Structures are given as structure tokens and as C-alpha cells.
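Shared between the two complexes below is chain A, which pairs with chain B and chain C, respectively.
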Partner chain A sequence: MYKSEMIKKIPQRQPKKKSRSNSPWMIALRRLFRDKTAMMGLYIIVFLILISVFAPIISPYDPIEDFNLSDAFQGPSMKYWFGTDWMGRDILSRVLYGSRISLTIGLASRIVTLSLGITLGALAGYFRGRVDMVIMRIVEIMDAFPNFLFAIAISVAIGRGLYTVFFALGFVGWSGMCRLIRGQVMAYRESEFVEASRSLGASNLRIIFKEILPNCMAPVIISTTMGISNAIMAEAGLSFLGLGAQPPTPTWGSMMNFGRQYIWTEPHMVIFPGLAIVLTVYGFNLFGDGLRDVLDPRMKD
Partner chain B sequence: MLIPVMIGVSLVTFSLLYIVPGNSVEIIVGERAREETRENAVKELGLDKPFHHQYFSYMAKVTRGDLGKSYINNRSIKESIKKRFPVTFKLTLYSFIISVVVGIFVGVISAVKQNTSTDSFVRGVTLLGVSTPVMFSSLLMIYIFGVWLKILPVSGVGDGSIKYFILPSLVLGLNSAVFRARLTRSCMLEVIRQDYIRTARSKGLSEKVVIYKHAMRNAMIPIATNLIMSFGYLLTGSAITETIFGLPGLGSETIRAVFQRDVPAVMGYFLFQAVIFVTFNLLVDISYALINPRIRFN
Partner chain C sequence: MGEKLLEVRDLKTYFPISGGLLGRRTKYVRAVDGISFDVYRGETLGLVGESGCGKSTTGRTIMGLIPPTAGEVIFDGKDIFSLKKREMLETRKEMQMIFQDPFSSLNPRKMVKQIIGGAFEIHMPHMKKPEREREVEKLLEIVGLNSDYLTRYPHEFSGGQRQRIGIARALALKPKLIIADEPVSALDVSIQSQVLNLLNKLQKQFSLTYIFIAHDLSVVRHLSDRVGVMYLGKVVELADGDKLYRRPLHPYTKALLSAIPIPQVGVKRERIILEGDVPSPISPPYGCRFHTRCPYCIDICMEIEPNFKDIGDKHYVACHLVKG
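Right after this comes the complex of A and B.
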């Protein structure tokens, strides 16, 4: 049989239509858009991002400047939808502005986590041996600290403030990411496509960044989404304790901390910032759950 | 494994406290103390020595079982751990019981009734619970039980009777229960899909036997190891709850020490909690081998 005949017998793959890309990422994205849970979460996240971006336009009062002591401790009313605090500041405006801190910390602390976690995890998983030993010992030490207490200690050590929180939370969370990446890299480093790339003379860096890491992205994305919600919770906890962004900057945690003293008579001072935290974290958790279902069918529950 | 980690923990904590802004001497002698008093205090505490010297002399004391004295109230750190740890332990124990009972029960129900309205209700509630910070639920509990219903004390331990622990344990316990319920559910679902469950069903066993004897047992492996870990988490993670409910436990005391830059106290508490944490990590590893004979211990 001639070669040309053989080719005819074997069904040749038709070139695909361009309109529907079939890369695994596009498939995942399409499934994501069909997933009701994930989309619900995404809507909440987008809603919150819009609020934090347009906070100056939509909030009825200035969160810091507009205090009016004669209006202090008012419950929700038409004038002040969420009521006022002990200085007569509008709680609605403060909650709206508070979303800026929460979202910024949630997203920004992930940058620290991701860069530390991915770099060290990839190094440990790829080079094994002594590098792995050293990095994993550091990770074990990090894991031996109760996370939240450690974040408190870092915040106190380098002084209170917004940047401190972002650094502390990023620094506390990286060990989990490092373990995750290390496991993934170790699983892929002996695989055939890495072998092929190596035999083509690719450098170690190229293999790590171009071959291995793109394959580990699904669990990284899932864990980052979940990490954002953890970071938002932790930020609220820190500012609840008086660390984090300092007053008069409105943060949900510090609003709850001040409201806590008046809980007997003015519960609205605690309830609204609290609900804001719940909504935000709920959004990220929903989205993370949906992402997990879409990206990682094995973990589907 | 324990010793290198402890050395690392002590080194990290010590360096963190070393860079704390503000001099710890000022905490002891006050900001307006005379130069002389200040110098004496510095000498007495050895704060004029270089970093490594301070660290080694501290560690030498620790290995002899001496954790030093608090800068603030001059009490022995060991004594305060002895006094405060039981409160934290009680709180942990009660919340652990709540968490195990509620978490596993809810998780199993949700898995058995997968894709029914019960299941989606449970999933919604647990996800909401996972998203609620402890301080918010604590304050809600205080408002509901302390202000509205006025049936439970909301602060302190009073005479140490159980009613003072109900609210804080409920908060911590339910917070941990929602995580456990989610874990239990996904572990059960994993098992229910297996072939041996189909076999058990097809040989005519009642659904009860299938679920509670065949499925539960196998799902228990990851759940049980998580139990141990979560006890460790609860033991070291009750700081905010203790602070809000005014419980004189180790968590609230640690926060106080950190804020007042009470260096020896912070060191002592951190080391103590790290020992607990690492021990529980070790227990998890051992329990893997004990519970699941398929994993060999090496």
C-alpha cells in the first residue's frame, strides 16, 4: 500500500473553526460561565470592586470629614441608611470606603504569597536534594507558628499600618503555596514533555517557567482565590485588634472593634461592617468553590 | 524534627522582637526614667549585649526549663502558662466536642442526601459559616444571648463554671464545625462513589448498614486525621474569641504580651504554642499510619 493511500485511509483531523477555541483554558472558562455558583461569586466580587472604585461617588457622606456629634449613635434611618457611629459619621459611607482596604489587602497580600511560594516551591521541587531540604525546613518552621499570632507579631514588630498588614499576611501564607507548588513540580519534573524540552537543550529556568509552571496553574488559581478570602478575614481580625490601617481610615475590622464597646445599645455599629465582611468573603468562597469544580474535576464534591 | 523546628521558631520570634520599634527598657522603667535607672535596667537584662549573645543566653535558660519573667508584671512566664492554659484547654475541649458532633453529623446527612434540598441548604449555610469571621459571630452571640435574651454571661470566667464557656465554645465550635461538615461531606461522597459501596448495596444490605458501616469507616480516615489537626488549631487559634469574651486564657494573654512588647512573655508563649502545634502535626503523621494500614510508616 502506498503512502498516499494510507493517508487517505486514516481520517485526518480537520482544521478547527476559529470561533470556538478548544484550548483547555477556554473550555474551563466556558464551563465557569455556565457554573451558577461561580458566577454568583463573580457577580459579588465585581459588585464589590465597583463599590470600592466608585466609593467617592456613591457614598452619601465623606467617611472621615463628615462627622456631626449631634447625630452620633443614630440607628438606621432615611438620612443615614446604616446609622451613625460615636462621632456621628455615616456608617454606610464608611462601610463603602472600607471595601477599598479589604480588597486591596486581599489581593495585594497574594502577590507576596505567590511570588515567595512559587519561587521557593519551584526551586525545592525542581532541584530536590539540598535546596529542597533547606526550603522545606523553613516551611516547617513557618508552619509551626500559629498563623494569626504570627501575623500579629510581624505587625507589631514592623509597626502598625496598612503596608504592614499586607506584608504580614503575605508572609504568613506563603508556606502553603510553597508546599503546593513543590508537590506539583515534583510530579511533573519527570514527565515526558519536560524530558523532551530538556533534550532540546532548554535551560532549567525555561523548563520551570515555560514547561512545568503553566501546568500547575489550576490548583494555584484555586488556592489563590481561597487565599484572598482568608486574607480578608485575617485583615479584619488584625484591624479588629487595632493593628492594620490606623484610624480614622475606615476599615471593617476597626469599625467592629469600636462598635464592640457599644454593642449593648448600638448593635448596628457592629452588624453592618460585619455583614460587609461576610458578603465579601462569601463572594470569594463561592467563586473559589466554582473554580475548583471547573478546573479540577478530581476535587469536585 | 521537633528540635530544629523549635530552634527556628525561637530564632524567628527572637529576631522579630529584636526589631520591635521602641525600646523594651522604656516599658519597664517608664519613659521619663532617669538615665541611670535606664542603664541599670539595660545591664540587668543584658540588652546591651549583641543579638547572638542575647539569644544564646535566653536559649540556655530555656533548656534549663526557665522561661524568664514578664517585663510588665514580673511574674514567672511558666506560672502564667500553668494558670492560663487550663482556660484555653477547656475552651478548646468544649468547642472541639461541638465541632465534632455537629460537623460530622451535618456532613454525613448532607452527603447521604446529595443533591436534595437538604444538601443544598447545608452547603449554603456551611459556606456562609466559613465566610463569617469569628469576631462577628462572637459579637452576634453576645448580642443575642447577652443583650436580647439575657440568659448567659458574656464576659469573663466568673467561678469557672461551664455557663461562662457556653458562648465562646459555641462560637469557636460552630466555626470549626462548618469546615468539618464540608470536609466530611466531600470525603463521604468520595467513598459513596466507590465500587465496594455498590457491591454492598447490590448484595442487599440495608442503606443504614451501607452508610454507617461501610461508607463511614472508610471516609473516617481523612476525617480522623483532620480531627487531631483541628484540635491543635483550636488550641492555638482562640486568641480573638478569648479577647472578646474576656477569658483569661493563653490566647488573649499572648495578644496582650505582643501589644505591650513583653518580650520574654511573647517568646515563652510562642514557644509553648509552637511545641503544641508541632506535636499535633507529628500526631497526625502517626495517626495516618495507625488508622490506615495501607500507608506504611517509614
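Right after this comes the complex of A and C.
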């Protein structure tokens, strides 16, 4: 309450310029930039993206090629800031490169989730009846399995590797997205602006894509942001179980997996990749929370 | 009176609701339960009744937005429920609707030019963007809005302005019939008459035919040539506006009229206050649907449903007490 009142007052003080875009998205974006939580999250995410893009430039060593058995199991030092692993590889470099895998998995798995979830959710919510029944039965079956176990099952079934992880983590998330979209589409399909569009002779496709889905984007964006952090965590979990990307690919999960056996003597092997995961998940969750604050109290103004 | 533009014959629209624990026996909301009326070219037919009596459902069924349960609607000589998809698309152009809620009737994510121009995108896909925008500008001017509003979003407008945008959208395809579903009931009283005047002006300008839906008789009074009164899914009385206001025959019409202030001095009117609530449209009363609330109810009313009969001069009424 208090917060929204404050926000409302701000635009009145500014002179109304013609160039200010009035689109609901631009209004939300301006509000987002004023939201401290969201911006903190965004800074962390941008920081991670920069690291993954410039990993080859900023890493002191190559994460795979530069191994030196005589330097194995070293704690943090000036030479190796985060220490080295059992093969004498620089953990800092591996953590920096690991961001590439984590971010890629976070995003790529969302492509699977979004395309399946939006398509099936829109079909179920819009056409209802038998289509809805079939899709929702599948969703219920999906939801009956714990997500992580399901991802493990898929990984075991189609074999290890990076692409398996993209697919497995995307696939376990679609049912939630499907429910979300279905509910939204069902609510909007009864709205008067949809009836108006139908009166004009709009096709079902046009109504779904041009009238309904643009109105469902706020919760989709929020849930996708949160989904990225879940996927990153799940990837770490899969790698930790040895089901993710295979060695010597540097991923945070597999670094923790291999560091696990030395945790009492060489805790740095687990701590640094662990911190990287925490920071990433924290960043996306902060951003997601901020987005929720900005987008959820429906976009009137 | 001119020729008929629209004929509604025994139209019924039921909404299934699953009832009972076993969910097998389906019940129905009988929103529209056998109504008939004609609409003549160039006239305004007012449709009045309490909230929930089936006015919107009537309008939406005629528009083809919800499937009818029974009956037929003949528009401009065509039985619209038997039209093929293509033919329906063409006929759609000639019938449009203005909605009640100026907030939910405009897509909040679209600019004015997209909301109004959508009609052209659908029916004239080859029309170029600048041409489309020029058409939208023209429409904005027609409904009394600034043509600079092209790139504005709905949230930037007041209720009255939004309703004008909705009217412009309905006009885009140059329809013959416009069904206005309580177009002013959500607006401030001060704005209502402006919008009503606009509708009046447009009717003359484009020789439109209106079905004007309202929940009380005072709004339709100045606008309608003829008025139909609905109660619980039925039309109970239909007559020329003047006649209906001066000499209402159905007790329900009398009750509705006695609720609005008398405009002329010296005209006396019985004061009828309705008791009880409107019964459920899921199981409407047997016999005359109004008998549970009618102050003049006699035995026959509880048993036999009165016919909707012409008592002369195209004054239709469904009441056992009125002799034709």
C-alpha cells in the first residue's frame, strides 16, 4: 500500500514529456529500475553474464588444459586464488568457465519449458473440453513425480551429456508453466475484449496470440526467472550425481561432486563452486522477486 | 415501419452446469428461454430487464458469440446459425457489439490504432499500414476523439473516452446492426448523456439499427422506438416506447415504471413494489414466471404459461390478465 502510493507520486512531479513511452511494458520497466531488490538481482545477473562471456580473457589459466599434477590440492594462494583441484587445475578458472554452462542450462531449459508449457497451456485453456482433459491428465502425471527424480530418470534414459540436461530440466518444468498459462487463458478468453475481437471475426489463433497471450506475459516472465535459478540448482544436483555434463567440462555441480571426497582436507574444492551457485541462484531469485513486485499488482497506473 | 432486419424466433440459450454428486445429471441455466421479436431497419429496439434476466445472453447469442440451444435468428434474410464459417465471417461485419464495461472491453496491451484497426487487419489484410491508420484516425474523429490518440493505450483514457473507442471499433466495418449492451451503465451520470447523444448522432449518420440493452427503463426512454421487457429469460411485453410508457400492461412493466420518477405532471401511475427476489433461472417457476412476485396473481398463472400475444397495434404481452 504504502509503497505503491509513493510510486504513484513520482511521475506527477516530472514534467510530462511527449517522448516518454506510455506502453504498459515501459511503465513496468521504469518501475523496475526504481526497485532496489530487482536492480540488485539484475546487477548480479549482468555480472555473471559478463563473466561467462569474457571467461577466456579473465581466467588466469585454461580450465581443462592447464593441469599440473605437482600443484594438485593447493589451498588458495596468490598463484591460485581459489586453490587447485586433484589434477592441479586452477579452481578460479574453472568456476569462471562454469558460469557458461550454468547460464546456458538455465536459459536453454527455459526454451523447452516455455515452448511446451505455453503451447499446451494455451490449447487446454482455450479449447477446453477433451483437449483440456487430455493435456491436464498428462500434467497431473508429470506432477505426481518429484521433479528432480524425474530429471534423473530422463537423464538415465537418454544418456548423459549436456543436451540431455537441457532437455530433462526443461521437460520437468513445463507442467507448471502449462497450468499457469491455462489458468490465465481461461480467465481471459471470457473477457469482453476477446468477445469484441471474436465479433470482428478474429480467428482462434489471432485471439490466442494477439489478444490473450500478451496479457499473460507478466506471470510467465516471473516464473521463468525463478525457473532459471531452479534449473541451475538442478543442474548442479545432476552433475553432483554424475549425470550432468561429463568431465573434464567444468561445471559447478561436477566440481562439487569431485571435491566431495576431499571435503575434510581440501574444503576449497567444494566451497568456491558452491558459492558460485549460491550467488547465481540468489541473483535470479532477487530479480524474480523484484519483477513480481513490479508486474504483479496488475498494470494499471 | 420499415422492413425487418433481424428476426428472432423462439431463441433459447441454456448454459449447462454439472449438478449432483455423481456429476452425470446436467442441469441448465435457462438464461434465454424462448424469445421472439423483430427488429426493423433504422429503428432502436430497447431491451430492458433486471440484471440476470438474460439480456446480454440474448445479445451474445445473436452475435454468434455463444451457441444457441434452440430457435433461429434471421439477419438480413440469412439464417445465421446455419451459415458456413466463411459466410459467417462476412455476416459478422454487419453486426457489431458495444460492451458494458469500458475497462475490460479494451485490451490493455494494445494501442488505440491496434484496437480499432484490428477489424481492417482481419477483413482487409492487404490494406497498408498508413492507410489503416488513416481509417482509424477518421473513426476517432467520428466518435469525437482526438486523432492524435492513435498510439495511446487504454489506461490513459477515462471511462467515457474508452467507451468511445469501443464504439469506433464497432463502427470500423460499417455494420448495419449494433447491439449495445448497457453501453452507459458503467459511466458517470454526467458522461452518460454525452455517449447517448453520440450513439444517436451515429444512428442518423450511418443509418444504423440498434438493439439497446439497459437494466432500467429510464435510459432507453429517449433512445428507443420500441421497447421489450425481459423477465427471467422471457420477453414479457413488447410495444412502441410511447405506448409502453403511457399504458403498460404487464404487471412487471408497471412495476419497473413505477420505480422511475414520473416525468409529466398530472400523470398518475400505480405504485407497485415488487416483493421477493428473482427466482433462479435454473428452475424457473411453473406457469407464468412472474407469478411468484406478481401482486395480481390468480390460479391460472401458477399452472399455465401465458402466450406472448399481440393485443393489437403490435403491442405484445404475455399475461393472463390482459385480454387481447
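Some observations on this one:
Here is the rule we go by: the second predicted complex is superposed on the first by the 280 of 301 C-alpha atoms of A that agree within 3 Å, B and C clash if a C-alpha of one lies under 4 Å from a C-alpha of the other, contacts with A are read in each partner's own complex, and residues count from 1 in each chain.
Methods note: contacts are C-beta pairs under 8 Å (C-beta built on N, C-alpha and C of every residue); 3 or more make two chains touch, one makes a residue touch a chain.
Values in this document were obtained by computation on a predicted structure and should not be read as measured data.
Under the clash rule set out above, the superposition-derived model of chain A with chain B and chain C shows the two partners fitting side by side.
When the shared chain is aligned, no partner comes close enough to touch A:D35: not chain B, not chain C. Once the two complexes are overlaid on the shared chain, A:L200 sits against chain C while remaining clear of chain B. Of the two partner chains, chain C is the only one touched by A:N22; chain B is not.
Legend: residue contacts after superposition of the two complexes on their common chain; A:W264 is shown touching chain B, with no touch to chain C. With both structures placed on the common chain, the touch criterion links A:D90 to neither chain B nor chain C.
In the superposed model, A:M233 makes contact with chain B only, not with chain C.
Legend: residue contacts after superposition of the two complexes on their common chain; A:I277 is shown touching chain B, with no touch to chain C. Of the two partner chains placed around the shared chain by superposition, chain C is the only one that A:E211 touches, whereas chain B remains out of contact.
With both complexes superposed, B is the one of chain B and chain C in contact with more chain A residues.
Superposition on the common chain A brings chain B within a closest Cα-Cα distance of 7 Å of chain C. Residues 301 of chain A lie in contact with chain B in one complex and with chain C in the other. Interface residues of chain A, counted against chain B in their complex, comprise 137-138, 140-141, 143-149, 152-154, 156-159, 229, 233, 236-237, 240-242, 253, 256, 259-260, 263-264, 267, 270-271, 274, 277-278, 281-282, 285-286, 289, 301.
Residue ranges on chain A touching chain C, taken from their complex, read 22-24, 191-193, 195-203, 206, 210-211, 214-215, 299-301. Against chain A, in their complex, chain B makes its touches with residues 1, 4-6, 8-9, 12-13, 16-17, 19-21, 127-128, 130-136, 139-140, 142-143, 147, 182, 185-186, 189-190, 233, 236-237, 239-240, 243-244, 251, 254-255, 258-259, 261, 266, 270, 273-274, 277-278, 281. Those residues of chain C lying in contact with chain A across their complex are 60, 63, 65, 89, 92-93, 95-97, 99-101, 104-111, 118-119, 122-123, 151-153, 155-156, 166, 169, 172-173.
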